[in-house]
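Down below is the structure, laid out as structure tokens.
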Amino acid sequence: AAPGGLPANAKPPTFLLRARVWAALFAEFLGLAIFQIYGGSANDDVAAFGNGITLCILVYATANVSGGHLNPAVTFANCLTGHISWGRGGLYVIAQFLGAVFGALIASGMIPESDIGGGSGPGCFTHTKGTVISKSQLWWWETIMTFTLTSVVYATAVTKPGHGSLAPLAIGFSLFASAFVGGPYTGAALNPARVIGPAIVFNCYWDTAFVYIFAELFGGFLAAVAFLPLYGFGQFGSLFNTSIFSWLGMSTPKS
Amino acid sequence: AAPGGLPANAKPPTFLLRARVWAALFAEFLGLAIFQIYGGSANDDVAAFGNGITLCILVYATANVSGGHLNPAVTFANCLTGHISWGRGGLYVIAQFLGAVFGALIASGMIPESDIGGGSGPGCFTHTKGTVISKSQLWWWETIMTFTLTSVVYATAVTKPGHGSLAPLAIGFSLFASAFVGGPYTGAALNPARVIGPAIVFNCYWDTAFVYIFAELFGGFLAAVAFLPLYGFGQFGSLFNTSIFSWLGMSTPKS
Amino acid sequence: AAPGGLPANAKPPTFLLRARVWAALFAEFLGLAIFQIYGGSANDDVAAFGNGITLCILVYATANVSGGHLNPAVTFANCLTGHISWGRGGLYVIAQFLGAVFGALIASGMIPESDIGGGSGPGCFTHTKGTVISKSQLWWWETIMTFTLTSVVYATAVTKPGHGSLAPLAIGFSLFASAFVGGPYTGAALNPARVIGPAIVFNCYWDTAFVYIFAELFGGFLAAVAFLPLYGFGQFGSLFNTSIFSWLGMSTPKS
Amino acid sequence: AAPGGLPANAKPPTFLLRARVWAALFAEFLGLAIFQIYGGSANDDVAAFGNGITLCILVYATANVSGGHLNPAVTFANCLTGHISWGRGGLYVIAQFLGAVFGALIASGMIPESDIGGGSGPGCFTHTKGTVISKSQLWWWETIMTFTLTSVVYATAVTKPGHGSLAPLAIGFSLFASAFVGGPYTGAALNPARVIGPAIVFNCYWDTAFVYIFAELFGGFLAAVAFLPLYGFGQFGSLFNTSIFSWLGMSTPKS
């Protein structure tokens, strides 16, 4: 099964299929771990750079291995539109969540005064600069920003013609732009794994964490909905056209 | 009819023509809405990033759907040089204006203390940092900056050879550079839709709004004039060579 | 004659040759004018962005018309290595100087309190942030920075294989990086036209202007020297292999 | 022997082999010298730009000459995975160290109050902004950041398909992102040559210099280990498959 996001140009023989799946999962795991360490450690003044440029380079690093999703909302949208199987997508999301938790653990060791379970720590979206906003405003900011990010993923990396090797740049810049604008209001998470990782490790902001997560998944859903009339379903067909094989992430692409 | 700005590489059958027109209008509408939300919300310190990088990613997102105009001045210039029909161009401009108004409305709900009709709000180009300038100075800043932006659109996206998938980056960077330099003087609008959207929703700066708008259209006109001797008219011919069919945006490209 | 810097992919018939020369000169003139307005107006805090990103977009705008030199030091180096004829190069330099003077004049009208001949104005490299440096230190900063810029021009745009449509980005980023580092010491001019334009219009820093200019030309010379053993002479041959025709900028490329 | 990092597309005849080796060594030497001058001189506020964007343009400038390593940790990893011979790699590292020392010497002359052997100077990673970290935390920051940088080098420049002319951008952005995040903790060296150059010239931070260096080499080693299962050994085979010829950097590629 080819990655959902960016094309895996290498065509491995069948017996390598499992190895490539594991490589993809490792890439998503490690990508999220580094994303969490870098993005979470950036202080407020440079948070937009520390997150946007970091996403850019990590998508470059993983694009040809896993498709460079690095975001459960992006993977969810790709499952909905049939550009990745639900099975592989599910494994990606697990790898992403584990990577974010792992990254937050590593960060707790690398950054002074960041204690596990301490109620706050690097990467917690606890407080925001600027004016306080309501939970429904938080919902809309994260929805619209994740919609924008996922739309850029579709337009540059999923569809043909996309924008080739410029796609990782455009995707990273989507978070970059969002962090400048929405950062003061929500911290600009745009990524359920980045939300849950530090929440578990540092035991922080459980009152709003799920607002972030569901808003981001909803943003991904909206991008999938906007995308379908334009380009149709991917190789894994509609939502309901998934066999037990594809659920296991082992199905071969039809084309 | 193919989009005027960037090439629409997909070649749909005739019966899809209308669907693609609607997709293009939807892309211009939604693009302007997000552009208004992002660009208008950015505070002064990060306005150049919040506008330049946002335009960059939105052109990436819409380039293969609508041509990624996202600016009535750019559409106007493309109509003048025959790279888009006046009919399709007119529909684009309407979609752009509606998108900006819609975006400003959404922003009023997402940002605290931004009341509809309140006289000021996110995205109003009301006051500027730095020294106050006269209306004629405002005119020239907006004219020259929009000329620069539109020239980059022509040189990278409209003509062949352009700069392919680098075009959206160069276009976004044109606003980015302009915002650093002209931002303190005019706020660096460069876009009639971005001017009129918040003006209507927040009832602000009506004393200068039309200086901005006409200066920007004049800048687009100058870029079209500078462009014509170099590359000639586009597929829709000269200003006067438009039939009722092309007016309706339904004409098929000759080549 | 094809432009020296970036390739002119369009192959015009012979009778268009003169028209293309004029287009190239117009592009260099207008490019320098906008470069002077943008780069000179940027205040110290954003000078690196206002100059580096501006050069980036202007090279994108002019690359396929004139080769996107926009710098007498770059043109001088290209003449030395035979990638542009001395005649065309000389006309380029005249256009660049006139463009910078024109841009400084326009800027004096667009920016309050910038009087022609007033002794200071937007774009004068009069004073620097940080520690004062000696004239010989100034010489070396401008030499090394211009060497770096011109080397990037050679490596990305002049030689084959270069870096195609990424060349304007790399060239702009060369000034961008230089402005962050050398800006506090010299203002990071790297461009004789940008030095002489405001000096003439605002009658400023005549005591150091020629240190800048000769250091920059020397930096271009060093880049040409470093380049020659790697790639050899261009189509216009060595320094001494120029006929009266090539002096007039009218010679046709041999290949 | 072809460069290890980016492909040397030009195919010189055998008798030019030595000349190209010398050109590559000169490129690595000069690249590090300019990298040291630019990156070391950047004050803390702009250090991320002054280092990340500078690396970006220097990789563009040297990619087609030497492969654009510009970092002993990257060269070490390429030796481990067989993408450059140990002989050529060793010569690269010597050129890189000499370049950094040379650059620091030049910088001492260009920047006021930076005395040779004075105990501090431009480019010394002596003190850090923010909270003080332990030596083991320093180790992990430099290891993880150099791992990230080297992984991006592999994913974009070494493997096929990589990301072509976008590779230098992604590589430069890797340092850019690292400098924003890890800069306050370690200064974000990521490069043994950049560590040793100022240490020798300005006689500074010998207590931690080797923590930096070994952490960075370890980061390169980890990237090589992560890379091997994905893509296998390069043309120079495994670690132990090196003849005396390849040690001399004179071996011809097998394919």
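Every chain is named by a letter (A, B, C and D) in the order it is written, and numbering of its residues begins at 1.
Criterion: contacts are C-beta pairs under 8 Å (C-beta built on N, C-alpha and C of every residue); 3 or more make two chains touch, one makes a residue touch a chain.
Everything numeric here is computed off the predicted structure, so don't read it as measured data.
Using the mean of the Cα atoms as each chain's centre, the chain most removed from chain B is D. Superposing the C-alpha atoms of chain B onto chain C requires a rotation of 90 degrees, rounded to the nearest 5.
With centres set at the average Cα position, the gap from chain A to chain B is 30 Å.
Once the centre of each chain is set as its mean CA position, chain B and chain D turn out to be 42 Å apart.
Residues of chain B in contact with at least two other chains: 165-166, 169. On the side of chain A, the complex with chain D involves touching residues 9-10, 19, 23, 30, 34, 37-39, 41-43, 46, 49-50, 53-54, 56-57, 60-65, 106, 109-113, 165-166, 168-169. Across the interface of their complex, chain C is touched by residues 48, 130-133, 137, 140-141, 144, 148, 151-152, 155-156, 159, 161-166, 169-170, 173-174, 176-178, 180-182, 184-185, 226, 229-230 of chain B.
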